[in-house]
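Presented sequentially are two complexes of chain A, the first with chain B as partner and the second with chain C.
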Partner chain A sequence: MTTTLENPTAKIPPSTHKYADIIHRLEAGGSMLPDTEENLMQIIGIYKAYAVPMDFYWRDLLYIAERVFLDPLPFFKYFLPQEYLDLPNHYAGATADFRVWQKGEASAHPELLEFMDRGELKKKLPKLFHHLWHDRINMEFAEACMQAMLWHQGMGGQFYDYLESEEYLANCDRAIKAYFKGNPLMLGLYKLFPEMFYEKVRELSYYANLGLFWEVMAPVFFEMSDLYDEGKFKSVPDAMDFLVNGIFIAAGRPIYHHVYIGDECYEIIPKSKGFMWLYEAALPYVEAVFYRTAPFRGTKSYNAQAHQVPDEQKDFHYGILYADVFPVGTAGIPPTLLMQDMLHFLPPYLLEYYQNYCRGEDDMLIQLGITFQRSMYNVTSAVIQALRTALLYPLDDPNPEHLLKNRQFFEAQMDRFLRPEARLTDIQSQDYR
Partner chain B sequence: MLTPLLVIPLLGAIAIAILKPQFSRFLGGAFSLASLVWSLYLFSQFDLSLGGLQFSEFHRWIDPVGLNYSLGVDGLSLPLLALNSLLTLIALYTNRSNLERTRLHDSLILLINAGIAGALMAQNLLLFIIFYELELIPFYLLISIWGGEKRGYAATKFLLYTAVSGLLVLAGFLGATFLSQSPSFEFSDLQVQNLDLIPQLILLTTLLIGFGIKIPLVPLHTWMPDTYVEASPATTVLLGGIFAKLGTYGLLRFGLQLFPTAWQTVAPGLAIIGTVSVIYGAVSAIAQRDIKRMVAYSSIGHMGYILVAAAAGTELSVLGAIAQMVAHGLILALLFFLVGIVEKTTGTRDLGVLNGLMNPVRGLPLTSSLLILAGMASAGIPGLVGFAAEFIVFQGSFATFPIPTLLCIISSGLTAVYFVILINRTCFGKLDNDRAYYTRIGFSQQWPALVLTAIILYFGVQPNALLHWIEPTTNSLVVELHQPAIAQIATTNP
Partner chain C sequence: MPNIVEIAVSNDAFKTLVTAVTVAGLGDALQQPGPFTVFAPNDDAFAKLLPGTVDTLVQNIPQLQRILKYHVVAGRYTTAELKEMDTVTSLEGSPIPIRCGDVFEVKNATVLAPDIEATNGIIHVIDTVILMG
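== the complex of A and B ==
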């Protein structure tokens, strides 16, 4: 947890880092995002707009991981059944078994239900029509995030190691055989190519992982929006502190993967393995999605032979913190679809704000994409502050050596933004829209 | 029938000058539209079976001097009159945001319209000179008041060059009239063919230099890039679209038609000058970084085609020359109009800075698309008016001047080179994040470009819709050109 300090660098010399100002701000308990009313309004507005589709994402991710499972023709995996729309969030509503955030509701958000019913067309049409017209919540972004987490791996934690263990494979084996019971073709294929099936189940485990991560984040963002509306957030660091607190509160929540076949529950990754939300979901998510991901097709061509693509996956830098939102905003790729999803749920004050800048409604997707980028810099700041709290020293530590350790940590984090693609410098200006 | 084409814009200019500034755009539009409608009405009354002048008007004015109010049109001047009215309308609706002193601006544009229309219709040499010089002052004021950073320099240079052009043309006319002992300055009274070849050559050369400045031909072109670049988009539309055509019109009307014998003598030299202009214009355009300057140099090249075609003097080549005047007027007006939008919106014309304007969200997608189409039309891509005109020019000129024509054909390939450079750097690529906060361009700002595009497409697909108005006149022009040779053959073979 952080508090804004008056004179944090008094005991150690100023940083000479390129981002010295931002480092000093972090040392004062601030965020990478400048503390302005405009920034606060933008990020809270976008958190709310993000939370509504996120409420769908986590439900559908769990639905795919738990129910669709290995369906070889999963045409209807985005058609969320009522059971999962009613699925109570573990962190919101009166039925929550872990209720910290007071405002949210256990079942799907009313705005989400209204949108799912009539879509952008505002007409009640067959679900399939809404789906094919893309008049729906687009799961492509959620799946792209899941794939980024699956593909990058090696981002700390024990989760992926477990996916290679004999115990996991045995759990998979039982679930696969149960799922394809009475289907000799698929069982024959499983016999011939077991690794293919295991790999698919690993992917589904990441579906569950991400679904459980967002199950926490959706009520956090709803709560932030409500608190802002009530005037309880006064600054960007307030919002960041709320996230830091949330990270610590939810840190130990379980990450698991259950599959429901018939009436039976198969524990592919049991809760008893003790995989924790912070280390197995939150941190890998931030690393994979905010920092790394991979170039989206249709945005820019890279020549790998000319070393335009890093040799090491850890050096990938295509996440939202580096993203060029212009092409993202113009192509039908997952980030654009996320922006399209958020566009439906923007709070009125943010809609009005966008209409006053650039091309108003015409380029609102880009404007909100850049707001999203700002807000994710704030989330990343919360993660950096949380890691500093967990691994290093308080910001008001009296020992200068400890403060220097903190400084080194912050500088190491800022080194990741020394790449020219990083948008850290851009978001320091309010004119970046 | 023809006087309204002078009276309407003059009345418009007066009305705009008198009434409140908020009416000036409406009045300008209304009067120029009326002028356009009237010129289209003339088309409907035009007799295609006649090659000579039609709708002639004659009123004695200052008899002792030989100056009469004498008007007439044929297939050479009628399409240019319509082009003049159309481009006036376009110019009045070009890029008006933040335009100051609108009354003066719009009045001057309508005065230019009247001046050019008068020059195109005048059948009295002195009357032609009056109109020919009349539009210089409005142009000078438009450049020097609404021009760019170096507008003073550009306007003065423009005035000096074009004034010299006027003086040379006047000298040529005076010489032709006095030497041929014509009773007046009436075009139809002049019997210059009776003069010896040497005086004819001197007079023709004088006119060639005079009109060559106006076109402009290399090496008389140096005023043009500076003027085009510094003038406002509306002024450039008129300068490139119709003003320069007075030069080629003068060459055909007073050079080719008055001095057919001398014309045949100087034709090879004209073809060479035309070819040099074509190559020079294309190569210079490739070297430019400023898109407006690039378009300006492209104009030098395209005007060279007209000279080559006029020099060849065949029915087909002269038909192509006139068609190219109209086609080039339309294409160049569209190019300058679009370049004006790009400059106004992005604040730059620098090829090194512009990029990604095709971006559908924050770029200028429609403007870019039209710019590509205009570039294609200028490069002579089939289906667009530029192709039809250039093809006829090349086909008509090849038999007479095969090598210059071949060089022109090769140079037309260079046109594609510089337009690909322009379009590739301006429209394609990634829109620069730091610069791409451009305002939206609404339909009200783009309709003139859409109108021009529609005409370019229509004449491209249906070139006969343009050519059949010109053809009777070119036939009679070429007959006159070859009459001396026929007469010579007749006398040597009794």
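== the complex of A and C ==
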């Protein structure tokens, strides 16, 4: 846990890094996001608004990975069956492995169910009509995050290596043959182009990976919202500490990919591989989605001669921590889809807040996008503090050498925000909206 | 001379470690001839972990095994031998950085009691549960 400390690093000289103030704040147990009441209100409000669609995302990601599987025409993959709306969350409700969300039920959130029923139109119409009118949860955003993880791969953990192993291919083979049993056309295609099928299953394994990751985050965010409403969060570091604790609670949860064909379960990635939420899902997710992703169509030239896209994948910097929310938010692309999803579930205090700034309701998507950016800097701070807790030393360690190691770690993390696109400086000011 | 497991069981400072190894079903493996080098976190080290961490691991045996295997290295490495090395590779597969000079540190853990000899290896007692990454 990170507790705010008075002057923990008096034993070492001040940092000379460009972001020295922020580094000193992290060393005192703080967040990259300044500790103000306004920031706390904004980030908690947006966590709640994020958690409701996330409750759909994780359920549908698992549904697609486990049941839709290799359906060549998956027209109805966004139509969650009741079984997956009822699927008990492992971190909420009475049946939880570890109850993070104290008051919540394990099944789908009531606000989500109401929205799925009546949509933005506020009318009860056939599900297909809501879908075709695009009056629904924008599952395409979740798929874009999954694709970022699939495309970048190799970001730590053992997941990526396993997807290339003989054992994985043998597991895929069993499931593919069972799924297309009695379908000579698809079995023939499999025989001709096996790699294409394996690659599709790899993608589905990332669906499962991300679904299991978000299954944890949704109840964490719901609980944070409840605690804030009860007056139990007093500061931004309180919120960050809660996230750090959440990360450690879930760190050892298994990451796996099971497929259900008929009555049988095919273990594409068995739990016995020992893959863990922290190493194989959370850290790769943060790297792929918060930092890297890929430039959205229409925002950068993919022409190699234009040099607008880095040569190295590690240099990609198109995640929320670098996003210029205004042009990104107007291009009709994944972050906009998320912002629109969050707009439906904003708590009243945040709705009222946005009415008072900029162009009120007219640019609410942009305002909440920037709030989301602030909130993700806080989540990233929690990840940085969690890594420091796990791999380095306590903030009040009496050994100056250990404090210097912590300093080097924090400085290395801040180096990632030296590039001009980073929004770390912007979020230090409340006027950035 | 007792083996690694017998030493741990007979010492009151390793109650959590012994429980974890038993739950993970690694007791038999650590009684094999080996030899092994074990970086053994004491009870205080486990107590430093944040609440919920151990609960989740105990519910998920393969994941618990993975964390425990990160504390074990194939071969018998004494302090004198570790002085010559920057890292050793754990049974989990990830490297463990070693700093063995004025201080003896294993990743972010400090060695409290080095070179406890066993029939099938050697134990170095550490003050922090070490994690991959």
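We take it that the second predicted complex is superposed on the first by the 425 of 433 C-alpha atoms of A that agree within 3 Å, B and C clash if a C-alpha of one lies under 4 Å from a C-alpha of the other, contacts with A are read in each partner's own complex, and residues count from 1 in each chain.
Operating definition for what follows: a residue touches a chain if its C-beta (ideal position, glycine included) is under 8 Å from a C-beta of that chain, and two chains touch if they have at least 3 such contacts.
No experiment lies behind these values; they were computed from the predicted model shown.
Visitor: A:D362 in the overlay: touching chain B, chain C, both, or neither? Say first, second, both or neither.
Guide: first
Visitor: Once the structures are superposed on A, label A:R433 by its partner contacts, choosing first (chain B), second (chain C), both or neither.
Guide: Touch status of A:R433: first partner only.
Visitor: Regarding the shared-chain residue A:L125, is it in contact with chain B (first), chain C (second), both, or neither?
Guide: The answer is neither, since A:L125 touches no partner chain.
Visitor: Tell me which partner touches more residues of chain A in the superposed arrangement, chain B or chain C.
Guide: Chain A has more residues touched by C than by the other partner.
Visitor: Output check: A:A170 vs chain B and chain C. Expected answer is one of first, second, both, neither. What do you get?
Guide: Neither partner.
Visitor: Which partner chains sit in contact with A:A412 here, chain B, chain C, both or neither? Use first/second/both/neither.
Guide: Touch status of A:A412: no partner.
Visitor: Would you check which partner chain A:C265 touches, where first means chain B only, second means chain C only, and both and neither mean what they say?
Guide: Touch partners of A:C265: none, neither chain B nor chain C.
Visitor: Overlap the chain B and chain C contact sets on chain A and report the shared residues.
Guide: In the superposed arrangement, which is not itself an observed complex, chain A uses no residue for both chain B and chain C.
Visitor: Taking the touch rule as given, give the residues of chain C at its contact with chain A in the complex, in rising order.
Guide: 49-53, 55-57, 59-60, 62-67, 93, 107-108, 131-133
Visitor: Name, in rising order, each residue of chain A that touches chain C in their complex.
Guide: Those in contact with chain C are residues 1, 97-98, 156, 158, 244-245, 248-254, 271-276, 279, 283, 387, 389-393, 402, 405.
Visitor: Of all residues in chain A, which touch chain B in the complex?
Guide: 300, 324, 326-327, 329-330, 358-359, 362-363, 365-366, 426, 433
Visitor: Residue numbers of chain B touching chain A in their complex, please.
Guide: Answer in residue numbers: 359-362, 430-431, 433, 436-437, 439-440.
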